[in-house]
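See structure below.
Chain nomenclature is as follows: A, B, C and D, assigned in order of appearance, with residue numbering initiated at 1 for each chain independently.
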Amino acid sequence: MKNLIKSIVIASAVALTLSGFAGCSKKTGTANNNAVVGITQEPGIFDPHTVVAAGDEEIIFNVYEGLYKYDSKGDLNPCLATDVAISDDASVYTFTIREGVKFHDGSDLDAADVVYSLKRAAGLLENQDGTALVQELDPIKDVKAVDGKVEVTLESGNTELLSYFTTGIIPEGYDNCQAAPVGTGPFKFESYNPGQSVILVKNENYWQKGLPYLDKVTFKVCADMDAGLTELAAGSIDIFPYLTTDRANQLDKSKYNILSNGSNMVQIFALNNSVEPLNNLKVRQAINYAVSRKDVISVTMDGAGVELTTAMSPAMGSYYDKSLDGTFAQDVEKAKALLAEAGYENGFNITCTVPSSYLIHVNTAVELASELKAVGINMEIKQVDWATWLDKVYTNRQYETTVIALTSSYAPYDVLDRYQSASSGNFINYKNDKVDELMAKIPTIADTKEKTELYHQVLKLLTDDACSVYLQDPTTITAVSTRLEGYNVYPMYVQDMSQVKVTGN
Amino acid sequence: MDLQGKAGYFVGKLIELLVTLLLVSLLVFAAFSIIPGDTARVMLGPEASEAQVDLLRTQLGLDRPLAVRYFSWLFGILTFNPGTSYAYNMNVGELIAQRLPVTVGMSAIAMVMVILISYPLAVLSARKPGRLGDQVCSVIGHVLFAIPPYVASLLLILLASSVFSLVTVGNYVTPSDDFIGYIGCLLLPSFAIALPKIAMSFKFLRSSIIEQRASDYVRTSKSHGLSDLKILVRHVLPNSNVSSITIISIILSDILGGSLIVEQVFNLPGLGRLLLSAISRRDFPLLSGIVFYLAFITVLLYFLSDILAAITDPRIRLK
Amino acid sequence: METVRHNKYRSPEASAFYAAGLALLGIVVVTFIISLFWTPYSPEATDAASKLLAPCLEHPFGTDNFGRDVLSRVMSASKYTIYISAAGVAIALILGTLAGIPAGYFGGYTDKGIMLLGNSIMCFPGILLALVAVAVFGASVTNVIWALGLVFAPTFARVCRVGTMEIKELDYITHARVMGVKPYRIMAMHIFPNLVPQLLPATVIGLANMTLFESGMSYLGLGVQPPDASFGKMLSDSQAYIRVAPWLVVFPALMLVFYILGLYFISEGLRVNLAKGGKR
Amino acid sequence: MTRHIHIVKVHHLTLSFPTRKNPNPKPVLDDVDFGIRDGEILGLIGNSGCGKTMTSLAIAGLLPENAEITSGSIKFAGKDLLAMSPKERRSMLGKDIGMIFQEPSTALDPLMVIGKQLEEVLTAHKENLQSKEERRKAIIDMLKLVGFPNAEEIMTRYPHQLSGGQRQRVLIAGAALLKPRLLICDEPTSSLDTVTTISILELLKELCHKLHITILFISHDLSVVRGFCDRVMVMRDGKIVDRDTASEILTNPRNAFTAELLTNARLDTRILGLEPVKVDYEKEPVLTAKDITAGYGRTLFEGIKNKKAKDSGTNMVLKGVSLDVYPNEILGLIGGSGSGKTTLIRSLLGLLPHSGTVSIRSDRIGVIFQDPVSCLNPAHTIKWHMLEALNASSRAKEIKGSGTWQERKAGVLKRIIEVLDICGLEEKHLMRHPNELSGGQRQRVAIAMCLIQDPSLIIADEPFSSLDASSSAELLKLVTDINREQHTAFLLITHNIHIVRQIAPRVIVMSDGVICEEGITSDVLNDPKSEAASALLAAERQIHGSFS
């Protein structure tokens, strides 16, 4: 009797558990023309003009298109515009609009839609207060349709603006982009389940014939990289970007291709230039010498990153100044000597405020603390949540040091804009009149070569001033299921799904 | 059953419930009113201008006095309309409702496991206390008690994936899509939460049954010639159940809390993840909504366990 | 005729619990004491060249993804575990005693008010309240201690309240009241010493439960902050390496379970003695 | 079935509790050999732990699992019980052998109504009474037999809705329901008050005669066997040391141990030679209580409800009690359980909200409680207790006097030892903890704590009822000594009428929350006017009759 009861209990427990596994082993997303992309940031904003977070951009890149569009090599190509004419003083841009493009709601794209969209982005609509939704488009004075073309007038000449016309075009008068996004992109917005997924479906009327291949794309929210990794191993995700090498190495090579590419991001050990003792050039230089960028990359990215010594990623091509490479090779003795010169032979204590949601930055801070200790600097790590970091560190600049990655942009001006003393993005409180002067001059120059030269000068000044410690351009490592092909890694924070197709199972 | 005589007791408990809820709401609101960080700034990001931030602040009603905000918040939360999430720009009730199936389902399954496993084991163990089987059960129980649920989850994942090569993580299916699959994907995480609670419930039930078996009325029943089984079913178990009701409600509340962590390990889209993301995004309406409703569920559980105890135990009256 | 009664009753069952508990706890406590004076390596020192080394002679517990020595980190983590649980329980004990004894002694509205507050706190699933508290005030060891102290205070308050309500009905308390002893003195000198036998197992089990909570919070990243080592954080960090470097999971998990299990055994021993001693 | 002279024959029974460590322990029952004659009431008397309960459990077959019968046999109506299978033995329980136990408060399942619990006795033995109606009728008949005229109503009650005496009747009904040949009663009256005890004993006797049930009656108290048992056996340390007819044992004990038990059963105060002091009733009373009304509040709205209840005079435990205690007197207070004695004391001590006035001439009254276990704080030493009492009193400064810290300390210590000496304790007891003292010593400490405060009145709430005879006799002497030498008045609450008769010149009888009789002790006790007083005296006389 007793044994009978016991065995029944055990049997039922086993049966329950097994049925559970059976339920779990049912795989989603295979054997069909769909793909699942793992993302670690919760998407929230689907309006192409108010979108701020990179994580949102990642998804709506597939829904909206601008007049111009970047490709995976970082080249700017015509998209909804076929052509642009820029006046000599660079104050008037005239776009020719592509024919035969349909919005997701079925209406045709025409100049009026473009005018509405650009005006909305620049804050020029009648119901707006003049504040640009897309801050970079603030210089726009007026947008009007002329003979089916769109003429954009700027407040002053600016040769740097074309890259911002990638901003999404929406139908004229449409104002419900947040809840029901409508664009011209290869995929239509289907649904958003907060904290779980965003689902996009194929745009049958996409203007590039034959594209896209997939019927459905699901962007699935994973709590963090490790959660995504477990899902990846379990086969419930097809594509997962932003892995580290050591994590990617754990994946089954027969099931996943590992793609890597520079991210065009600049990971910076930011030093607040206006607080003691970081306002001392020698101290900043000492810190630069104390750091081993190689070890940081080794620890945080398992070697998958490009060492940086200046404010720009080598991915920026000719704008990047190669001559600055290796300026601050690790040299503990020199660092100590510099500290002694600055009067800190016994070192000092500082805190490093890092956003806890970014494992890579926290890990970097941990490594940095260990390295700084070798030259006598005690760095205490203070983790704060993202909101507090934005508030305290970025906006109010109440911090000593921090680690953060400055997001990618192809526009060199955009990358260096924050080093102007008055810039709202100048959270390191850097101030150099020469830099301010150069940065003011650049938009007025049309000649690329001259411009490049000026950019190099700025970079040199930044490095000379050791304004902060530039660490790395972390490689984007993406795992893609072997059943998919055609996935291109962008050096930007986007997922282009238009070329992806299912080949195997 | 003499329920009329207990009317006063029920009313008293109900008043207690309402007062507790009011206090809970005050605590929740107070906690979130002192969170550092500017909500509007967080929502708009670092690039937004001061004017935009001010505008949003007004739109969100963050410039109103604290008392006004409390009462409008309380009204909203009590009418199950707790406002709009800053971060998701959606109704908080809707957001929570979406996540509830995971958390509630996991807790329910875990509870069923606790009862299904601990109850028979406790009965068997208590039949012959001190015997080998009983001692083995007790020692295993203690060890299980000491393993944090998330460590158990890690081990279970490792075991399931490497030993049985079964997929265990992240295949969440909504109950409306595939109910069997939904139950299936929650089984392992539920088991991880249930493990220490099985141990706890086993220990309590076992000692309660042993205690009841030694009681005077069992001796009376024996002297009346009742069989052991009959005594167990008709006297011992009902009496130990009465004393277990409170423990069960505490276990349920613990399970609810435990699910918040375990769903992180299993990457399930439950309230725990919503909570953590709400914390990091300073999403006050969402955060307070989650915390309040979770507390609400717990208060309700305690209330129900009191009522249940009062119904099953004729001795309970308004003291 | 004089009968001498011994209240220090020791059952063999309790002794077995004590032995097992002290052995397990001893491992952790000895590790902790050694870590105060010496660790093989600095627990925070990274070494990119020796990442993820399996246990070997130089690193008996292996190294983690920063190349830090796991043994040193486990040793230093035991410090936080013990420190947080001890400090948190101390706060909970003080708050709980200060609230629970008057509630039980005075009864009436004092009792109702205090217990209502306590019940409201207990209405939040424990970890939730601790998480929210830390989220509000920021994640730091001090805040974790206070949060856990607050969360656990009602438990101690309940023990004190129930105990006080039983004791205050006893004749010696009535006697003291009739003699004119002041209430605060009755509570402090007459009631509190008699609550100790009940508070002791509650304290030990509180230490264990608090460690569970603390490690859970650290696991979620809301507890002890890096580069400081804690078992929960070490476990969450090592989750990604569970297949390639299982030693990262095994050693902290074992130490954590040893500590908690040791405390459970001791509290069990205390409880058994209390129950058997109470029966006399 | 053949009739046997002995319905139960216990033959050289030896029983022990072997453990792994100690396989041959001292036997709990050592060669116990006796028979129970058919139809008799056999008393089995002995102190706790003497093995009388084990004997009964062995007959019933309810021994603990770790008990082992090493030799001997038990025959029931000729059948060897020990040779039976557990199932056979179980089927005899309830049907052939019934049992009732000491604690009626916990012996019934609190979750089940009485009717159902009784029905289980019938359903457990399937051969009897198949239909529900038959069973119901049998239960109602039996409940009426044990003295419930409202049997139908009782069936629907829960145990907690019944009084202790009622529960014991229900248990008797359950045990007698199938008219067993033997009823084992294990201390069935020990937790009941005297009046109820008498009624239960009468009921058992009636069952014995009406249903022809043989009764084995187990008790530690030799006094209850008077007029109840036919024969008595006395047990000590697992052996039967004495056996005789009841009257022989009570009047003419042959065994020294029986004689000692007999002394314990009565407290003959005459041997102490106590002499009450003269009281001057013209003096101003030390305590005057006027129109005390009190009850226990039940809800949050305690105050309101109390007020209402006061107006209507219901729900109150005390209804307008007035009394005076004069200097130097010992005032006896007697009454049945539930008469409001304890509530009155709590009101007088100011521990309970009440209406009416209490005026006390001196500032403090001392109090001694019934339970010697809980009267002292187990966490502290005797010295601490005395200091605490001293510091709490208004005389602390006076005794301490002035002078250096050491001098004051020495003074205090001297005074403490003085008081302890009065109470029959020594200096060596100072650093002891309460659990190192006997019950009588603890009560002495409690008295010393009162004395050090120099009260004009000590209220003593049944201070002797938990002590053995010799200890209570000594304590009684102490009380009269203090009364005589320290001129302290006593309000003595007791159920022992002999004590009152001996030392209290004046007595108050309480019943149902009112004072129903008051006056000079001899008058009241010899010629009770009130019904309550008469009932108390009658019950007392039945048990202790021969001594008064």
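One rule holds for everything that comes next: contacts are C-beta pairs under 8 Å (C-beta built on N, C-alpha and C of every residue); 3 or more make two chains touch, one makes a residue touch a chain.
What you are looking at is a predicted structure, and each value in this text was computed from that prediction instead of being measured.
Colleague: For subunit B and subunit D, which third chains touch each of them?
Modeller: Touching subunit B and subunit D alike, sorted by label: C.
Colleague: Quick one: point me to the chain whose Cα centre is farthest from that of subunit D.
Modeller: Farthest chain from subunit D, going by C-alpha centroids: A.
Colleague: Which pair, A-B or B-C, has more C-beta contacts?
Modeller: Answer to which pair has more contacts is A-B.
Colleague: Between subunit A and subunit B, tell me the centre distance in angstrom, where each centre is the average of that chain's C-alpha atoms.
Modeller: Computed value for the inter-centroid distance: 39 Å.
Colleague: Just the number, please: Cα centre separation of subunit B and subunit C in whole Å.
Modeller: The mean C-alpha positions of subunit B and subunit C differ by 22 Å.
Colleague: On a C-alpha centroid basis, what's the spacing between subunit A and subunit C, in Å?
Modeller: From the centre of subunit A to the centre of subunit C is 44 Å.
Colleague: Could you put a whole-Å number on the gap between the CA centroids of subunit A and subunit D?
Modeller: Centre-to-centre distance between subunit A and subunit D: 85 Å.
Colleague: For subunit C, what residues touch not just one other chain but two or more?
Modeller: 135, 138, 239, 243
Colleague: Got the subunit A residues that touch at least 2 other chains?
Modeller: Within subunit A, residues 356, 385, 388 contact more than one other chain.
Colleague: What parts of subunit B, by residue number, touch at least two of the other chains?
Modeller: Residue numbers touching two or more other chains: 36, 157, 264, 276, 279.
Colleague: Line, ring, star, complete or other: which describes how these chains touch one another?
Modeller: If you draw each chain as a dot and join those that touch, the picture is no line, ring, star or complete graph.
Colleague: All pairs of touching chains?
Modeller: Pairs satisfying the touch definition: A-B, A-C, B-C, B-D, C-D.
Colleague: Per the contact definition, I'd like the list of subunit C residues that touch subunit D in the complex.
Modeller: Residues 1-7, 108, 112, 170-172, 174-181, 189-190, 193-194, 196 of subunit C touch subunit D in their complex.
Colleague: In the complex, go through subunit D and note every residue touching subunit B.
Modeller: Subunit D residues touching subunit B: 60, 62, 90-95, 97-101, 103, 106-112, 120-121, 124-125, 158, 160, 171, 174-175, 298-300.
Colleague: Please output the residues of subunit B touching subunit C within their complex, sorted ascending.
Modeller: So the residues of subunit B in touch with subunit C come to 16, 19-20, 23-24, 27, 31-32, 34-36, 142-143, 145-151, 154, 157-158, 162, 253-254, 256-258, 260-261, 264-265, 275-276, 279, 287, 291, 294-295, 298-299, 302.
Colleague: For subunit C, which residues are in contact with subunit A within the complex?
Modeller: These residues of subunit C touch subunit A: 44-46, 48, 51-52, 65-67, 135, 138-139, 221, 225-227, 239-241, 243-244.
Colleague: Please output the residues of subunit A touching subunit B within their complex, sorted ascending.
Modeller: 2, 5-6, 9, 12-13, 16-17, 19-28, 42, 44-45, 52-53, 129, 131, 135, 178, 193-196, 221-223, 227-228, 230-231, 233-237, 356-357, 385-388, 390-392, 394-395, 424-425, 427
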